[in-house]
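Two complexes come next, and they have one chain in common, subunit A, joined by subunit B in the first and subunit C in the second.
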Partner chain A sequence: MTPRELDHYADVQLLPGKAAIAKLVVLLAVLAVLPFVVPGYRIFTLNYMAVFVIVGLGLSILVGDTGQVSLGHAGFMAIGAYTSVLAMTELGAPFLIALPAAGLVSAFFGFLLGLPALRLDGPYLAIATLGFGLAVTLIIGHGSFFGGHMGLVVPDAYLGPIPLSGDISHYFLIVGIAVVLALAARNLSVTRVGRAFRAIRDSPIAAETMGVDVAYYKTLSFTVSAAFAGIAGSLLALMNGFISPGVFSVTLSLMFLAMVVFGGLGSIAGAVLGSLVMGYVNLRMDAVQEIPIFGPMLQNFSDAYMSPSGLPNVGWVLTGSMIMLTIMFEPRGLYGVWLRIEDGVRWLRRRGASDGPAAGTG
Partner chain B sequence: MSFFSVQGLTKRFGGLTALDDVSFEVEKGSIFSVIGPNGSGKSTAFNCINGIYKPTAGSIHFQGNKISGLSPSRIARMGLARTFQNIELFASETTVDNLMLGRHQHMSTGLWRGMAMLGRRTWAAREEIENREHVEQVLETLELEAVRNRPVSELPYGTQKRVELGRALAMEPLLLLVDEPTAGMNPEERADIGERLRKLRDDLGLTILLIEHHMQLAIGLADRVLALNFGRPIALGPPDEVQSHPEVVKAYLGDG
Partner chain C sequence: MLLQIVASGLSSGSIYALVALALVITYKTTGVPNFAQGEMAMFSAFVAYVLIVDYNVGFVVAFGAALVFAFVLGIGFEGVFLRRTKNPTHLNLIIMTLGFQLALFGLAGWRWGADQRRFPFPVSANEVVHFGNVTVSTLSLATISIALVLMAAVFAFFRFTKLGVAMQATQQDAMAARINGVPARAVVALTFGISSVIGAVAALLTAPLITLDPTLMWDPLLKGFAAAVLGGMNTPIGAVLGGYLLGIVENLFGAYVSVEFKSAVAFLIIVIVLWFRPVGLFGRKPPRKV
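For the complex of A and B:
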């Protein structure tokens, strides 16, 4: 036997020790108070960021863990949004049914896209998923059932007797779901299925040789990832009150992929951080010039050198530079920056601890 | 019916015949070595056996079941594990995670149970603990405890080889395929690996199919030996007989 008893549960425990529980409690408390302290019009921004977090969590499973690329996640989001709205308007389903239905239908399309993905790799998979995203918005834009390019108005939603109207009620629903899904994604990644996903990313041959059915787990990864995006789509519809194909453009898909890379591939914390930042940036793209000092500079730069068509694109210049700088200087993304800060703090502490006695003897 | 048998195994890549009508049988609880110079088809034979390649002709039987033509994951689930000549670990994962992946087929936690791991008593947690204990035993057997939580990409080459062996052992295989376990090792490390393999056979009763470039080790360990040259079997039998076979001597020393 080993000299000290190892508690193997600690390896996978969601909240190992009191410190972790305390952290979660503080986080939940902050999230609970947040909508009452920020200005009312900012709650919409928070909701938008939380929706991005849900997409980011799902995309991180596919891209970060399983190592498959997707440029079509806006398509899954669109499928989720339209499913839930049509379920409510056409079938009279309550939101409580429409929301999981959005996840399920989107998951089914994720499964379908996962099938050709079994035979495709790298750039070919990127093109296939890109085509999928485009096809979804094209089909939706041309079908009168889907409201065409004019879009659909989202009916009033109720959660049982509680009306889901107003940003604060949306906030608690969306953030609540985001928190639950984040914990679920974390659990998934440390258990058998998550390990199989990462095994496929690192060496598909070895994974298959160890008894992992690679085809099954690749499609499963697409399915789960799409389900997350579908749920996010349904929530986006709810908070926007209106959906149209233009919302789910290819640029949104690119943004999703960018945010998981920016946050740090393969880590839940990274996915959440990256999604929060990119969600914020995406919504406030036209307000870049409001950033003190830096904003007008970027605006001038963008107008002078980056806008051949004369259209203002300073938001994209900012987003692009953020992603480029991340990949150049910290490929592990925001999560990597966080790890460095932690390392630095630990180093300072250790130095502080060893300085103490040294000063005494010296 | 023998424990493991290969009959008339042939593999062609276009015009190149990598394996030509190879047949042999392996007894339960024995070490069977496949030797031969570089490019003689040893690894190709392994890739056919564990399903990475589909044989052009011939058949492979394991415990009375035909396994040729099945997918590697199906074959793995029947109790066949292997290591690779060029290490195929899950590089960004820790030693423990690599070995836990070896437990994949012995576990059943799926999507829902995994996500709902909310306490020590939930299904996923119990299964994790149980299998983690098994992994800990393998770590002990191979003296890998010190690198338990290190990412394998940071480990020295020899240790990585041991982790790969550990991952295969974590699968609790009935038949273990070891592809050049001592490639790139010094004589000491080589002897160490040899001793470990011998112990696995003697203590656990494991059946081992060994590819070894190093003649002395292969001959010293094996109960029976097959020698290949240019994909063709040139000798099959007890180690000393194969070693002194004129064709084998010629293949190893050249025509001179």
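For the complex of A and C:
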């Protein structure tokens, strides 16, 4: 046990030590070079994954830290997307205003949904949030103001004088926001608020006796989480150029939950990793036959035994199986696997160290 | 007019009641709602469809086979997946059911595509029966009566058979039941089997009403949840009454307020009930333990 792990002030620092700063610098450098290295049509994929990461970070705060389940995050995302598009088309607001507005409006709805959540335990909350997600798409789909089932076209956006068109400019905007929000989420998680969240997750009653305002922090958790999803929705609208209620289906909400579960509940790194993997799976499964080797095999199998048109559904089979296996074998997800590898390496080292002198005396 | 609305409300309410009952009996056993319930039922309906259309099997045999399939699927889900959950918190169990739901949904979509198929059924939705000035389709009539018979059978089973009582005991306190010689694990698996069969019956009655595709049970499942919340997640009878109530209220809303937002009634009811009376209309508040 090193002294650093016992030091509160080191614990709550955003970037503990030089190693963390170095890691961040390397990461930023890689992210800055990436769009110029990968083929142009892949940048869209990267943007999509980055949007997923933003939702994943928010959902990780709610599910992983606070232990509240949400099956309606696609609803928050829809609220964010429609707010920013309508703010631009109806009010003529610039994108720089529309984006935070999306986060704020979505956060407000998160606050509203968080209120009944105060009285509800996990199972009831899951049902309520599921209903919320469905209600949002239902209302959007029937309102002519929202473009109905046909959806809305997203207007051209400008960041001051710079036009936000083309995948590369979207990339820097979306990934930049994702990095900032990841740091914000980490900061929230390691400081007072995050500790309160985890105390509530582990035992609401115990947390209350220790002076944690359960009602306040539960609602806060919902609000923050919804704000993340709202911002992600606004960015998704920007990069897609088009939004419709069908985009924000219940299955998308389940996909969001799947990615934080798969990555590892309650860790920022896990949320990011899980979102990247699941975002990639989600996007690639629409054209699964294009994946080398594996794709044609699946295509043949599909032609022989399954329906030829149903092939993209492989993605759902994969997603569902992945989270079931995660819960069955490593509930801490990818992050847990990483911890195990670290433990293993440490154990090997220690054994190597103790073996050395023993061999010398013998 | 009003009687007509209530009559069609009872018909859709029958399906909600069945789904709610299926949800509640497993909820009482595990403490989590089974989100895979709808997809398990949908899959069973597809089994019946394949037997009837592709293999020209008679209705009775095909439906029987679908119910047997549902029973095995329920037991299998509990025994192979749910029981193996490493750290069975509520959250993890809910995620398990969601994972199973996604996997089944994907499998069905992969195998049968998104085509909307007409589901063959011995009773037609177009022939009608007149009761005074109330008109009911023969399918609705069949739905209402089948649901009533099945639910009566389930309640009789719980009340009057040794196995049923053992199930109730396990739901109340698994540990105490085991001490008294109830094979609790087998009973839990059996509960899932029975629940899955009830859900499958609901799916078989829903499919001829609309068309058969992998999203068949999405709407009935949400309605079933709403019904269960309305009546009380801890009381099977309350959940069933909640189902009928929801069917009627929804139809009244559709007739007098707005047809477009009829589906939103279920969500509204969930919110209102959870806000004012989280245990449901007929439920009792369970004691809270630290």
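Going forward, the second predicted complex is superposed on the first by the 312 of 362 C-alpha atoms of A that agree within 3 Å, B and C clash if a C-alpha of one lies under 4 Å from a C-alpha of the other, contacts with A are read in each partner's own complex, and residues count from 1 in each chain.
The working rule: a residue touches a chain if its C-beta (ideal position, glycine included) is under 8 Å from a C-beta of that chain, and two chains touch if they have at least 3 such contacts.
Worth saying up front: this structure is predicted, and the values here are computed from it rather than measured.
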item: Contacts of A:Ala182 with subunit B and subunit C, given as first, second, both or neither; value: neither
item: Which superposed partner A:Ile61 touches (first subunit B, second subunit C, both, neither); value: neither
item: Subunit A residues touched - subunit C or subunit B, whichever exceeds; value: C
item: First, second, both or neither for A:Ile205, with subunit B first and subunit C second; value: both
item: Which of subunit B and subunit C A:Val250 touches, first, second, both or neither; value: second
item: First, second, both or neither for A:Val224, with subunit B first and subunit C second; value: first
item: First, second, both or neither for A:Val85, with subunit B first and subunit C second; value: neither
item: Which of subunit B and subunit C A:Met49 touches, first, second, both or neither; value: neither
item: Partner chain in contact with A:Thr191 - subunit B first, subunit C second, else both or neither; value: first
item: On subunit A, the residue positions that both subunit B and subunit C contact, one per complex; value: 203, 205-206
item: Subunit B-facing residues of subunit A, complex; value: 2, 6, 8-9, 11-14, 184-185, 187-188, 190-196, 198-199, 202-203, 205-214, 220, 224, 266
item: For the subunit B and subunit A complex, residues of the former touching the latter; value: 50, 52, 71-73, 76-77, 81-82, 84, 88-93, 96-97, 100-102, 104-105, 107-111, 113-118, 120, 124-125, 127-129, 132-133, 136, 140, 145, 167, 171
item: List of subunit C residues in touch with subunit A within their complex; value: 27, 31-33, 35, 81, 84-87, 90-92, 94-96, 98-115, 214, 218, 222, 225-226, 229, 233, 260-261, 263-264, 266-267, 270-271, 274-275, 278, 290
item: Subunit C contact footprint on subunit A (complex, rising order); value: 63, 67, 69, 71, 116, 119-124, 126-128, 130-132, 134-135, 138-139, 142, 203, 205-206, 250-251, 254, 257-258, 261, 265, 302, 305-311, 313-324, 327-331
